[in-house]
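Here chain A shows up in two complexes: once beside chain B, once beside chain C.
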Partner chain A sequence: MGKTRKYLEKNQAAFTSILAVLLAFIVVGVLLFSTGRNPIEAFGYFMSGAFGNTYNIANTVSRVIPLLIAAIAFIIGAKCSVFNVGIEGQLLLGALTSAVIGFGLDLPPVAHLPLMLLTGALAGGLYALIPAWLKVYRKVNEILSTIMLNYPAFFFTHYIVLNVTPLEGVIPATPFIKESARFINLFPGTRLHAGIFVTLLVVLFAYFLLQKTSLGYEMRAVGLNKEAARFHGIPVEKRMMLAFFMSGCLAGLAGAVEVAGVHYRYLDQFSPGYGYDSITVAMVGLLNPIGAIFSATLFGALKTGILDMAVFTAIPRQLVTLINGIVVLFVAAKSMIQNGFLRVVKGKQSDAPEKETA
Partner chain B sequence: MDFLEVIKSIFTLSLAYATVRICISIVFAGMGEMITERSGVFNMGVEGIMLMGAFTAAVVAHFTGSPWIGLLAAAVVGVLIGLIFAFVAITVKANQAIAGLAIYLLCVGLSGYLLQVLFAHGGNSPKVETLPKIHFGFMEHIPVIKDVFNDQSVLMFPALLLPIILYIVFYKTPWGTWLRAAGENPKALAVVGKNPITIRYIAVLAGSFFAGIGGAYLSISQTSIFSEKMVNGRGFIALAAVIFGNVKPAGVFAACMFFGFMDALQFTLQTVIPDQYFPREVFMALPYILTLLILGGFIKRSSGPADISNPYEKESR
Partner chain C sequence: MATILEMRGITKRFGDVLANDRVNIKVEKGTIHSIVGENGAGKTTLMNICYGLYHADSGEIFINEEEVEIKDPSAAIKNGIGMIHQHFKLIPAMTVAENVMLGNEPRKNRFFLDIDELNGQTHQISEQYRLAVDPESLVEDISVGIRQRVEILKALYRKANLLILDEPTALLTPQESEDLFRIINRLKADGKTILFISHKLKEIMQISDRVTVMRDGKVVDTVEKKDTSEVKLARLMVGRDVLLKTAPPSKKIGEVILKAENLSAESELHHRQVLNNVSFEVRSGEVLGIAGIDGNGQTELVRALIGLQKLTKGKISLRGKDITHLHVKEMRDAGIGVIPEDRLVEGLVVNFDVQENTFLGLQRNKPFSKNGLLDWKAVASNAEQLVEKFDIRTPNITHPVRLLSGGNQQKIIVAREIFHAPDTIIATQPTRGLDIAATDFVHDELIKQRDLGKAVLLLSLSLEEIMLLSTRIAVIYKGEIVSIVNKDETTAEDLGLMMLGGTYEHIPA
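After this line comes the complex of A and B, so read on.
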């Protein structure tokens, strides 16, 4: 008993996160029930839609790819005290730029795909420099500025697709990218593609950067306490600019990977809000690259599972955004959940004597 | 086309009418957020509360047949969502920006979900009865005034009066002093026996109340329908207006009018200048880009309350 208690206490952050998600699902279940839907039945369709057979599992994994890359984008920023809510816009610009490179150039596959991913990432990174500069040198709240910047990015990509790049057919999209710029499909009949390996590289990159390099250490120091970091000679402004740039690059990369692996062109409004979902994924994953793998899997499953659920149970797909909101709310209120959790784990002890032993 | 002709066809009295018409919802949301921010709380969920306000107003107006009951319901729903935010941001002391973001996502999801549940298909509600427009006989003979202020929504009057009322409350009543103290120096307020937490709660609820009304105006007065993305960044623009206006009634009101004007101008330009000369997307992005320029301090502004975004902690021994 003592051992379990210690274990639970040591990993309280992870359990708090899991509790937040569970609570959110309970709230959603109550909402479904009160609007005349059967939450148990809905959950069944959701599970079979997400994991019911190998095809569904492959599709779930394919949804994890953009979510995970975008979540890592958010994490790298947030660790350095930069809250990049503009991932959606940066992702759109990255996707469009990479699509243009993909259909506009003729290169051997060794060069074409990497170049395409690189330019996509760069587009996102450059766009992120605007809110970065505004935050660092003009003290503009980056959450507000990045949300604002999502709108121009949306209008810009929409305009380019409709008026500049050649239209093929009636769907607003760029022409298809060349074969040499595509990821191999790993599982015919599903959307699972080789971009999954890029995703794993991104996770490893973020993990090593944040945990094993002095640059990552400095970035985390800025995130924990700016003044103390400055006192220790860390160039706070430069680190924040860099974090924002890297965050934007990864957001752009997430868009480019979707183009190269799933759509093979830039499809207007292709993103079902990956940029916003990524924030939830990152927060549930405790802003930890490894933790994000688990939460991205959960929300990837949510994305695919909800499709079957919507077809069979007349439950609207808008439920996903609602779940996101509730989860973020619970994660934001995690200190409350954590206190409750510790109280249960530690029995009826009050907080006061705890501090003396600690 | 002659350049002067173009200018003349853009800057007309109907542009002024449209400015007033559009700015009403931003004024409600902006004034509400100003109250909230004065108390030291930054509520980024305004956009979401407006969306739920617009949704509730349209739905209740549809089922009761009365837009007035719809308006009331929107205000009540606004306050309820504000209560959730206040609890998480003030009592639980969560990061206010993230709590606001959560409220925004929650409202987008909830309104979208309930819309589908209630009306089965499409991203719109049915057409509903709207609040009356006010027509004054005496205004008919006053040039300019009759074109700009006559036949506006009944909500124009509270929207125009609100900045004046709030100015008086802020600077001429004890409530205003307590409110400002809660945002500047909550500990000093606690010393004189007022609870900063209570005041912040009231300020958040008041702000959410007005955000709900601002949203309701969109669906049951400016238009007669609720559609999924109808608030379209107005809540975020209201936040920018509060910053731009230095969290002061006159300044915030002027900023809201300015953003209303930009939006009206954008609509006018879309119709006056043909698409092949200038892409309409540029005009649509204009209000957001301008907001950023303003936030970036390319136009001068001073800072808001000293204790903004900090949770109130009782003095530790």
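After this line comes the complex of A and C, so read on.
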């Protein structure tokens, strides 16, 4: 008993995240119930839609890919005190740039796909340098600047697709990218593609960078205490610029991977808000690359599972948005949940865990 | 005499740490009751429990001989308890009066802030206890000592009868401490009760009526001031005799290591001159003490020496090599170690764990890093060594530093800097918040480093510490070095005068 308690206490952050998600599901269940539907049955459809068979699993995983890469983008920034809410815009620019490389060039596969991913990443990274510079050298709050910079990116890509790149057919999109620039499909009939390996590399990269390198240590120090970092010779400004750039690059990469693995072209408005969802994914994953795998899987499942649930139980698809919103709310109320959690675990009133001693 | 506060059988555990172990304490009304004990003995924890910040695992609290449950600070305030934390909780951009009234503002016609009443009431309390604070000045403009009085005022405004002061003098200059003691005595004369924590036994003997000694989470004894002495208290605290010793004189003074020539600097904000032609040299094997009242340029001097403060003029050299324009990291790699003045802001990343803090600033140096990759094994073994050697009380090396007691946090910094500075150690308030045994230990370490041929620059607000450790003493006043004297050729009185700006004829022009 004492042991489980200790274990629960030690990993309280993780359990709080899980609790937040569970609570969100319960609230949604109550909502379904109160509108005359059977929440247990609905949940069953949800699970089978997301994980019921290999096809569904493959589809779920394909949804995880962009979410996870983008979540890592957010994490790398946040660890270094950079809150990049502009992932959506960077992702769009990355996708468009990579599509142009993909259809515009003729190269052997060994060079074409990597080049395409690289340019996509670079586009996102370069775009992120604008708010990075504003933050670091002009003290402009990056949350505001990055949110606003999502709009130019959105309209710019829209404009390019409609007016500059050749239109093939009626859908606003670029031409298809060459075969040499595509990820192979891993599961015919689903959208699962070899980009999953790139995704795993990205997770490993982030974990490795943050935990195993001097640079990552410095970035985390900047994220936790800029003054101390400066005092100990860490170039705070440079590290924040770099974190912003890396974050933008990964956002761009997320877009490029979607193009190379799913759409094979830049499809106008292809992103259902991956950039925004990624922030929730990162938060639920406790800003931890490994944690993000789990939360990205959850959010990927939300996207696929809800489809089946909607079809079989006549629940409007808007519910996905609602569930997303509810999870965000519960995650935001995390410290409240955490206190409640600790109270239960310790069997009495808890102390706020963040208190400093003197 | 009536008992205002009694805590009975208080036990508090943090994971594996037993911070309070069946603590009993009884505080009489209208007295000054001190608590002393080693770093990590559980003093702050006990006070936090009394103020409702922590909750005891077991035990009872009685106020005026009635059992109460203090579940949060507002319950404590209702019971007439006020706590002045070591880190003030004031809002810098607001005035003193606004800070004092925050949450209980007087209103006009229900909705409007009554500014006159606000200032009037603040002024009245300030007058009553002669706190000498101006209700209308902004908190950001006032000194640490006065901020502390604002905290006291805040507690008094909330009708506190029992005031808890947790190491109130750690941040104060000796002069400010004297002022504080006068205020505390006036409060006592007015019937208030004071719970006072300090590591400075001299202060304890000066102002307490009664002293409770804690060790390892337990109360060892509670004694009347008149029946005890500094030596006896020290023995109770540590469990053995502590010699109040003097440091041996410098053995072999060698070549010049750190040299500052005509350093001048301006403040960023108002272009006020903060350093003015500061020159000195520190030789191998000596401790140069910099004495001065807080705010006379010490902070800027240290920042200048490690490359964080822009100089308008001057040159810094280390072993004859010009290092004036090096970056912080290069300065430190060139051989300067610094114990900074504010441990929570500059010295530590409190949300890192112990081992991560033991190589802060050395994250690119061997053996911790090779080709940009961290060697966590080397980090851990070094951390284990420092913990052992410096007696850092922590459950393990992956414990977050923010959960350690103040003194143990300070030990991490001292350990790190002393062990990795090849040439020069700049020590700013190195023993702030340390208990007597730890203070002794750090003093010994600094002397050892000196005798290893390092140059030690010591900045301290405590003249005693300066007198104890220094080979030579420089006095800084308004950004200028007004005098540099040999320790043996001066007295505390002379130094005190110079620190206030009085000069002597034998000072070179």
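Basically, the second predicted complex is superposed on the first by the 343 of 358 C-alpha atoms of A that agree within 3 Å, B and C clash if a C-alpha of one lies under 4 Å from a C-alpha of the other, contacts with A are read in each partner's own complex, and residues count from 1 in each chain.
In the analysis below, a contact is a pair of C-beta atoms (placed from the backbone, for glycine too) under 8 Å apart; a residue touches a chain by one contact, two chains touch by 3 or more.
Everything quoted here is computed from the prediction, not taken from an experiment.
By the touch criterion stated above, A:A229 is placed in contact with chain C alone, chain B being left untouched. In the superposed model, A:E168 makes contact with neither chain B nor chain C.
By the document's definition of touching, of the two partners only chain B reaches A:Y159; chain C does not. Once the two complexes are overlaid on the shared chain, A:I143 sits against chain B while remaining clear of chain C. Among chain B and chain C, the chain that touches a larger number of residues in chain A is B.
In the superposed model, A:S214 makes contact with chain C only, not with chain B. Looking at chain A, you'll find no residue that touches chain B in one structure and chain C in the other. Chain contact summary for the complex, chain B toward chain A: residues 44, 48, 84, 88, 92-95, 97-99, 101-110, 112-117, 233, 236, 239-240, 279, 281-282, 284-285, 288-289, 291-292, 295-297.
Only residues 6, 9, 211-215, 217-218, 220-221, 224-225, 227-235, 348-351, 354-358 of chain A touch chain C when the two sit together in their complex. Within the complex formed with chain A, the residues of chain C that make contact are 15, 44-45, 48, 53-55, 71, 85-87, 166-167, 306, 308, 327-333, 338, 340, 344-352, 356, 360-361, 363-364, 368-369, 372-374, 376, 402-406, 433.
Put simply, chain A touches chain B in their complex at residues 31, 35-36, 83, 85, 130, 134, 138-141, 143-145, 147-149, 151-152, 155-156, 158-159, 163, 276, 279-280, 283, 316, 318-326, 328-329, 331-336.
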